[in-house]
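Letters A, B, C, D and E name the chains as they come in the text, with residue numbers starting at 1 for each one.
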Amino acid sequence: MKGLNAALGAAGLAAFLALGEVVPRTGLVKESYFPPTSRIASALGDEITDGAFWSALGDTLTGWAIGLAIAVGAGVVVGVLVSVVPYLREATASTIEFLRPIPSVALIPLAVLLYGTELRSVLLLVVYASFWQVLIQTLYGVQDVDPVAEETARSYGLGTWARVRYVLWPTALPYVMTGVRLAAAVALILAITAELVIGAPGLGQQIAVAQSSQAVPEMYALIVVTGLLGLLINVGARTVERRALAWHQSVRGEVAV
Amino acid sequence: MIGRVLLRAVFVLALPAVLIAVWWAASSGSVNPYWPPLRTILTTFPDVWTADRLRSDVLPSVLRLLGGYATAAVVGVALGTVIGSYRRVRALCEPVLEFLRAVPPPVLVPVIMLFAGIGNSMKVVVIASGCVWPILLNTVEGVRAVDSVMLETARSYGITGAARLRSLVLPSAGPQIFAGLRQALSIGIILMVISEMFAASNGIGFTVVQFQRSFAIPDMWTGILVLGLLGFVLSVVFQLVERRVLAWYHGLRASTRRSA
Amino acid sequence: MDALLDISGLRKVYEGSGRRVEAVRDLTFTVESGELVCVVGPSGCGKTTLLKCLGGLLAPTAGRVLFAGKPVSGPPPGMALVFQEYGRSLFPWMRVAENVELPLKQKDLSKARRRELVADALASVGLADAAGAYPWQLSGGMQQRVAIARALAYEPDVLLMDEPFAAVDAQTRADLEDLVRGLWRERGITILFVTHDIDEAVYLGERVVVLSASPTVVQEQLKVDLPDERDQLTTRVAPRFAELRTHVYEQIQAAKRGKADPAGGKADAEPADRP
Amino acid sequence: MDALLDISGLRKVYEGSGRRVEAVRDLTFTVESGELVCVVGPSGCGKTTLLKCLGGLLAPTAGRVLFAGKPVSGPPPGMALVFQEYGRSLFPWMRVAENVELPLKQKDLSKARRRELVADALASVGLADAAGAYPWQLSGGMQQRVAIARALAYEPDVLLMDEPFAAVDAQTRADLEDLVRGLWRERGITILFVTHDIDEAVYLGERVVVLSASPTVVQEQLKVDLPDERDQLTTRVAPRFAELRTHVYEQIQAAKRGKADPAGGKADAEPADRP
Amino acid sequence: GSSGGSGSSDGGASSGGTTTIKVSTIPIVDTAPLYVGQAKGFYAKHGLKLTISQAQGGAAIVPGVVSGQYQFGFSNVTSLLIAQTNNVPVKAVAEGNNSTGKENADFCGLLVPKGSSITSAKQLAGKKVAVNNLNNIGDTTVRASVRKAGGDPSKIKFVELPFDQMPAALDKGQVDGAFIVEPAFTQAKSEGAKNVGSPFVDAAENLTVAMFFTSQQYAQKNPDVVKRFQEATKEALAYSDKHPDEVRKIVGTYTKIPSALLSKMTLPRWPAEPNKASIEALAKQGEQDGLFKSTPDVDKLMP
């Protein structure tokens, strides 16, 4: 069963890669601007033998992981707090809605102003962007609590903390998991974008160099690396989800069918 | 009744008022050109965002945003429903989608330009390509989580196909889909800015980036304010829509919460 | 081989989340077309499981379920199921009338006819004025009646009901019992009725199937030889009624005594720790 | 003023989503400490609403609910409630034993003691070997018994039960009835028991409160003058039992006849179209 | 690349006579002297240790320098002039790079697509021309080319595109012309695009295109470091100007330019001193185009 799913996934990827090979080969776009998969693969092969690539990858992943951890932690805590403390949600709604759409790219000068090309600069942008994803999902998730479950908890005198822990949190968890998956990708995107624009060390900076060097296959190779990272992150998230949400309809439904 | 309206107004305005006051005080003596006093920003505001500018920059941006957002909503919900309903399809598509999802829009834009040109359609595609993910993911998860008893009810009454979709799957996944739509709204604004960094000649994002590049820093800050305001206004509209569409849901959830 | 429903050697084993339960071991019985059969059995013995297998919602682990001579692979048309979990089987985003109307939309009916069916069905369960409410605005018994109304409005040929009157008061229950029997007699539909109320089983059924505690087999099938014309007052005090109900009661007690455990725990249950 | 629960002039009106329902109009009665009172009434008359008001989960629109002399503003400690919607009141993310244990965590008990209470409670409802299952792996009746076990393990002083045996079979029901009466006699706890089974109400209760159809008032309060020592076989055939049950039955019928509508529709219901 | 050290804004930690300075640049050919100077020890000789950061453009460089995150930055002249007129305290310290001054043989060109009917910059009036940044050196100098060829510069429609996207945009005919620099310039030409003008040459004689700059505060507080940087850079510029092969080699280390392009492309000139006259000319043209809020003060900007 698991093997079959993996095989299907691999088949999907293979089809996608084949498409990437065919489109430029048929002349739909020019090879020099959109290199075929094989060309990208060989550029990727060159990249991964280069030490600079690995240190860049390390830098990117560091920024990503720290930023994501902060964003998820803060997003969940703030989300639960805002939902649980009376009136806090109403009081913060307008501010949240105002701040959320402010693009991280517009904050780049601010980040540089404060931290230059340091890791903190990247973190600022990563956290700013991915925090909202987790927060909003948490808010919606907490709201999803079944009234009967909530009443049961209250009638047995469960305190606020116990209700959060035993009722709100499990209910919100599926939403939060989606939030984390969204935030993981956004954090990666922002880490790379920040490196790209600011020049903090990492994959993004490598992409910027490749772009301004007119090194098209190398640039695509690096983009593929970011895609693969996203893929791996998702596999991890799914694994966590299968364990943490074994009770949930979305997971148990899969087993039953 | 009036009391409630007033209370709401207080809730909406209190925290922003405090934050603005803090900002005002903290920035009042600033000499750093990148961190101008709030007063300067506010006095610049009316000069920058004239009626003319609203027509020439804000309107095109909003239209692109709506176009991209609508595209993403349709694609995200449609694709999400299919992927969420069929385990095999999910296994097949998920890796590719996760791959695409992780590609940063600024590097994706050039690729999109190869296929969609450099006009408005490119910008709409860029906005849609970013908005679609939260909608897609939430739809998939919402569809997967449809209650088993309800599913069986529908099956036993032979409610299949479009009817099943319309009367069971979508309403049931509705709350989660709306969470995704909500996320997508602000992502759309962000991507609107990013897309207008490429081959644009008007738009809010374009203007903000131009201000930034030309060191018109207070003007740039007004642009950021406009983006925030746009986000706020759209979210108010969004909430109105959500209250309508998910009336049953909010009624159900509130039916006990309001009491005691 | 005239039987409308033909169940033979039915076995169902649930597996998953570190637990394996043999809900039904070996069930064999038939339901003729136009019959009203009641099924009783200890809690957890597999009545709901049986109904879901009949309704094509659950694939049996082994054995065969034939509907009109054909194996059941999905929900057969013309069959309506009233779920035990009535609350969860109503769609919270639809008002009561919409909930009842929904299955009718699958049928080729005029709008007016649908309206009429909905109104009739709701009136017959005493919920005419709750049509505009959402299910979660109703009491438990009212929700259950909405689920019943939905099945009635559907005008099924076969009606499977899973403890449909569990949440309604005695008087309403009596009314609904008469309603079901009346429908059955008028329209000649086939009804399989799961209940845990022995009096109800005897009062309603032509035949009562008693299931054993799990691992479940058919403990006994009992022909109810009461007159067709039944009445809440006279039938229930008839001596034959008392005999029959005592007999069924004893059977159920025997079924449960078959197990050391007082209330139908699973022999095969393997409650494991978190995996 | 010795009453443990003192309900006077209780009124509850539900409003929202285009509907206004006066669920309870005017309820006044008391429950003494250590009493076992049964509440019966037509479906939708407001029994669940009453229980939620007593349990501090719902604020009355008017009237007063006193618990031990103090107004109820939130769930009072030492009170356990068994919900009618048993399925939804169990947490699907917790196994059966965890569900039962959860309320105990609020109490200052050792882990071993908690384990013991959980195991005892599950055994007493016949679910000892389902401890490791998730609620959604259980049958309806088993789920309901888990909810009962949770309330029992909590060792409450006051127990509010909302149609707690609706989903279990006759034999298990009888066992559970004896279990509840046994607990009540041993521990001297106060029990308010909502049921729609008239026999059950008479068999269990010291007193039966009959509610009218809505707009709900107390139709009648009936002292059950059966001996304290009750037994499924002998008590239920006692002539006095038959008298009492007939009386209650008539009262309920009267309660329902008070309305033109056969099954407790709302006088104040204003089913409106979508807003 | 480099990793950021302390964020000290008084800049330049000095130890044992060497001062560490952070320089923020763009990973392009133009900044090669910095790397040459580092490799050849010109900076070390003056007691400077360079840490070079690579950013995508001015948006990241200028705020970093102004706030003291970096001590020096690299920017084109027009951007510096714009910054100055917006009261951003920048101070140019050294020459960055110059055009070659040779028509059709500069490191920057005005390209039209393969097979385009346009043969002269004049015909670009009314057409869509890509520049990397709007309202910057690109449009000013493109206008100069069109003006010089006898066209109406006010009729050009500029669109903003990154340099690396321009060859593709030209190829697909999405733009009618492009203001383009190396290495995209050579790349596009190799795919058939035709050069119809040399904007940097047409704008002014021996145009100074970019300069190294610092913030006014830093220049005031650390005149000594600035002076050493100026001298070391001067030497590096002179050396680079004379040794194009070494430059090409070192460019290969900090960029990913494919070797085929690297050997073919035109290098800029690196005179030791900026050409003030050309900057004044650029400032004047920019003012005509309405780039500045007020008249730029070239004297104040220049070292």
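Heads up, the rule we're going with is that contacts are C-beta pairs under 8 Å (C-beta built on N, C-alpha and C of every residue); 3 or more make two chains touch, one makes a residue touch a chain.
Everything numeric here is computed off the predicted structure, so don't read it as measured data.
With steps allowed only between chains in touch, the distance from subunit A over to subunit D comes to 1. Counted as hops between touching chains, the shortest connection from subunit A to subunit B is 1. Set against one another, B-E and A-C show the most C-beta pairs in contact at B-E. The distance from the centre of subunit A to the centre of subunit E, with each centre set as the mean of the Cα atoms, comes to 36 Å.
Each chain gets one centre point, the mean of its Cα atoms, and the points for subunit B and subunit C are 48 Å apart.
Mean C-alpha positions place subunit D and subunit E at a centre distance of 82 Å. Inter-chain centre distance (subunit C to subunit E, centres taken as mean C-alpha positions): 82 Å.
Residue positions 32, 34, 114, 147-148, 197, 212, 248, 251-252, 255-256 of subunit B each touch two or more of the other chains. For subunit A, residues that reach two or more other chains under the stated contact definition are 33, 109-110, 113, 148, 151, 196-197, 211, 247-248, 252, 256.
Among the residues of subunit E, those in touch with two or more other chains are 57, 59, 63, 66-67, 162, 164, 168.
If you check each pair of chains against the touch rule, the ones that pass are A-B, A-C, A-D, A-E, B-C, B-D, B-E, C-D. Residue ranges of subunit C in contact with subunit D, taken from their complex: 14, 16-19, 21, 40-44, 46-48, 84-85, 87-88, 95, 125-134, 137-142, 145, 163, 166-173, 175, 196-198, 249, 252-253, 256, 261-266, 269, 271-274. Interface residues of subunit B, counted against subunit C in their complex, comprise 147, 149-150, 152-153, 155-159, 163, 167-168, 171-172, 174, 248-249, 251-252, 255.
Within the complex, the subunit E residues that touch subunit A are 1-4, 7, 22, 24, 26-28, 53-57, 59-60, 63-64, 66-67, 69-70, 162-164, 167-168, 171, 183-184, 187, 191, 254-258, 261.
Chain contact summary for the complex, subunit E toward subunit B: residues 57-59, 62-63, 66-67, 79, 82-83, 86-89, 130, 133-136, 157-162, 164-165, 168-169, 172, 174-175, 291, 293.
Those residues of subunit A that touch subunit D in the shared complex are 146, 148-149, 151-152, 154-159, 162, 166-167, 170, 173, 247-248, 252.
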